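Note that the chains take the letters A, B, C and D in the order they are written out, and that residue 1 is the start of every chain.
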């Protein structure tokens, strides 16, 4: 299989093929071959030995990839089957910025309204979750296109709070 | 002197588990209470008995004095341990216990009231000859008054909740134009957290250290201090790493602060375990901040350096036993560090990250202690504090404790929710932390360095692991016959938010 | 003085994990070796590097000096840590390391040879003025000679392997008619375990305690003892519970035994960590048994009462560093107890119970340490020692340590294999154990009481849990559509041996 | 459902019925009703609250029942659907005794032969497993009917070593 793998903003081509012998694989990362010996140690755990180096890895399936835990370091790896075409461009660069609820909670204050100009870092809404009030701030400067939320409203993770243009 | 047979634990999470463990070691039955969201929580599993007290929101369960007391009476509890948070510093709850003839494991209700109102605690400190941070000595309920006092004290200034604690209702103001907004936010948070929106002001010190002194007092007139804890590593005014001894505190300062703490506790007629929080400026002058009239989250660091079990001592003192030691018997041995493992995303300003824990593997081996309140497969509810565990490392010296904690963090695996563990991995390597050069602004000041990028090797191995796993999942999906949609549909577990929609 | 960068761990299981953890804390790369049965073992996951060394049987992997040294050379290891068991007391292995210029973390090969042959160790003790158990001072290879010596010494008698250790090749004979059979069995076991069938005899003392002294010696002429461990609770001549301090040892006896241990270690020119085993009779007279020239399984109890990290000290001493303390600096603090969690069935004479671990939940919280070598979902292979973990509890005194250990055992959940945990639950409540009235015959003497029947409430709750689970399994099986056979077929997991075929 | 449940040599009739409310069950043990609140906490873990008493339980499926772990105490519960008839009689009482291998291992010595009389506790075979020699002893006195094993032979768990009559 060939995947386009995105991790920490870098996208590489990863070609994975089963080798001879239990748990043996060859993974080419942008052409560089890595011979690895992989053993599952439970539904979310694997032991990977690559060139003698031993890695204890925990994995969680995410939509479109995996979260990989490497001895205290967390890396999210997005995978797209290369056969299906190139990786979609990341949405945040130029276009509108969607500010979404990072967790479920209650909106205690909405600080902006449509049409208003905001600076980077300016507070947009205040959410209460887990007994704390958390201010959600603008990721960049821009004009509020939409703020389709109301004070007192309960929102789920990912709910659109403010659309900046 | 009585001997408790049954203790009701009026709390949840890791601290309820901690108290249940102490009860089991003392052969005392532990009685848990739980909200509807917590029926399958670890503290319910670990207790001897368990009773439902209402719906998920704390106001309808863990903060319901009437329901908890009814359970205590019905179940024949001799005593109530309030833990920290919730009703732990609620004088009305302590009074209700006293009136019901059930021992409250903590100070008397009037002591809680006296010290819980932060401005009366400040006045008491002044009377006891304990220096306080310059600020207001009475609570303010009026914005104009507050503005006037702020001008008198001078910026930067801390706005604090008079009924406060735990970083709630607290705001730092550097610029006068933000004063009104910050005060409004603080009042709203304080009202929501404590049902009391009154505020007070303190001068914000430059690069202060937050150092606290643990005290213990029995009902026979003995009060001792059990040394200091350094709590300067904070985010959003809440502690995340604590240690003991403080790398900053000299034997002379330790003795001085211990004497101040004992003086204030004696003046307050304090009983049971309590903690005096101080800010210490760069010159080594301590200023009393407030007294927490309950067990602290970070009590394990003191336990690991002194060998004491503070929860068992709380129970024994509440039973009327004298403290089994004098000040001169107490010794610090080695060094302990605690990392508070929160269900929070440090990459998003420490926003809470509740959800189901898919993987949980705690570290083990020499010199470690993990006080957890969760389990693999369990849920971290949105309704409560996001602290899931306290990880503590002990070493013969600070360097060994840090090395051990690094090892521990590298072994600790949590997936399904986002935690502060990867953040600790980087704090524990930061040169300023290693040098002990820390103050309450540490995290904010070094935040960029604490978000270090992964190495090339880490990226490679992560890609290898993900690709091999994807191939295997695909193969096992095929082996099980046709799958609706495509192979990747089996991956769906929760939102993939960093990358956005990739297909 | 050199600084190791890479240490090869010539072992597996919990001790390999223990050593890898020490390496990580010292920032030294840990190099694991593994047999074919151990590719997915915990010690491989926890190491920085890992190398295959052969098929499952230890003779073809963990005992292969040539292969292990080849890996050490090829991977650039500076040093080898042998752990305990396998090659840890193999003088040829230590010599091969010395010759390859790789530091062996332990004493010199000639010291291992001198003390490993148990009769030469006994002669050395006699020379050093250390009392030994009456018996033979030379190995015996002839049954007639052995019979004659046994008559001279008088029954009861212990037959022991001259090359022995770990309870292997050891038999107690009370009746002369069993002497020949016991000697044959001991020789066969010794041959299989050590490749050396020579035996020696020791008078069996009445109700002796097994107490050992830990010593540490650097390369600069400093030798200290690190107090005693009480190891009297044994089954099949192997320790299962150890503690420190010994409830039997007075300060005078401690000092006396410590001085004897140091005298013998100095006479042997001993380097690094070692342990002198003594039998102590009811009158408090110690008799030297043998010296173990390596880390002991039970080293954590010493670590918990002294605060030392013996594995790190072993590494530091092997690097040429002087011991960082003198005898007078060492102190015991509180009390520690270790329970060895074996994959064994106490109900069947402690027979090994290998297999897949279906559930593993280790205890946590204050005062505990779990040094485990396994994980949930992992396999305990038939090929190696059945020790899966060492659980250690610390308390301010023996009573608190026992209470904590009881709490810990009640939290420890292992399913899939049978372990010694339920057996410990009962030992820890036995009045003789609580009173410290223990000797090496404790388990045998009290075996019936250590098989206490479950209470009525336990039986009820077990039936309730099983019945509800069966109902749920049946319902979820139905929900998933027709199942081949009947609903109970899903239950099959492994042999149901206690009940026999019930249908 | 009605089961005949055998635990520690006692057999009781257990009738289990779902009650009203999540996790509520009524279990009658020989007619005595117990109202319980049961919550799964993972594939092998459950929390049972019965009359206020909280029990943390770990379960493992065995053939014909479950192994139940109750705070350090292990109980094996055999279950037979009562509809299928009475519990089978336990086999060990009067008839022949099957001495089986309690673990996989190698037979280093066979100490008895067919026709020989043995006393209770007498050694029958010596097995090597996990580096130890273990003597398998006679559960009761009797005559060896069969000893279908040879020295040096490798055996699996449950293999018949000696049949006593």
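Methods note: contacts are C-beta pairs under 8 Å (C-beta built on N, C-alpha and C of every residue); 3 or more make two chains touch, one makes a residue touch a chain.
In this text, all values refer to a predicted model and were calculated from it rather than measured experimentally.
Novice: Based only on mean CA positions, could you tell me how far chain B sits from chain C in angstrom?
Specialist: For chain B versus chain C, the centre distance works out to 39 Å.
Novice: Rounded to the nearest whole Å, what is the centre-to-centre distance of chain C and chain D, using the mean of the C-alpha atoms as each centre?
Specialist: Centres of chain C and chain D (C-alpha means) sit 29 Å apart.
Novice: Compute the distance, rounded to whole Å, between the mean C-alpha positions of chain A and chain D.
Specialist: Roughly 49 Å separates the two chain centres.
Novice: For chain D, what residues touch not just one other chain but two or more?
Specialist: 40, 45 - these are the residues of chain D that touch more than one other chain.
Novice: At least two other chains touched by the same residue of chain C: list those residues.
Specialist: As it turns out, chain C has residues touching two or more other chains at 46, 361, 375, 406, 410-411.
Novice: If every chain is a node and each touching pair gets an edge, what shape is that graph: line, ring, star, complete or other?
Specialist: other
Novice: Could you list each pair of chains that touch, in label order?
Specialist: A-B, A-C, B-C, B-D, C-D
Novice: Provide the residue numbers of chain A that touch chain B in the complex, in ascending order.
Specialist: By the definition above, chain A touches chain B via 1, 3, 5-8, 10, 12, 14, 16, 18, 25, 27, 29, 34, 36, 38, 40, 44-46, 48, 50, 55, 57-81, 84, 87-88, 90-92, 100, 102-105, 108, 126, 128-134, 137, 157-158.
Novice: Residues of chain C touching chain B in their complex?
Specialist: Result: residues 17-18, 21-22, 24-27, 46, 300, 303, 307-309, 333-334, 361-362, 364-372, 375, 396, 400, 403-404, 406-407, 410-411 of chain C touch chain B.
Novice: Can you name the residues of chain C that touch chain A in the complex?
Specialist: My answer: residues 32, 39-40, 44-51, 75, 375-378.
Novice: Tell me, which parts of chain B touch chain A in their complex?
Specialist: 58, 168, 185, 188-189, 192-193, 236, 345, 348-349, 351-354, 358-359, 361, 382-386, 409-416, 418, 421-422, 424-425, 453-454, 458-474, 488, 490-503
Novice: Could you pull out which chain A residues touch chain C in their complex?
Specialist: Those in contact with chain C are residues 23, 37, 39-43, 45, 47, 49, 52-54, 56.
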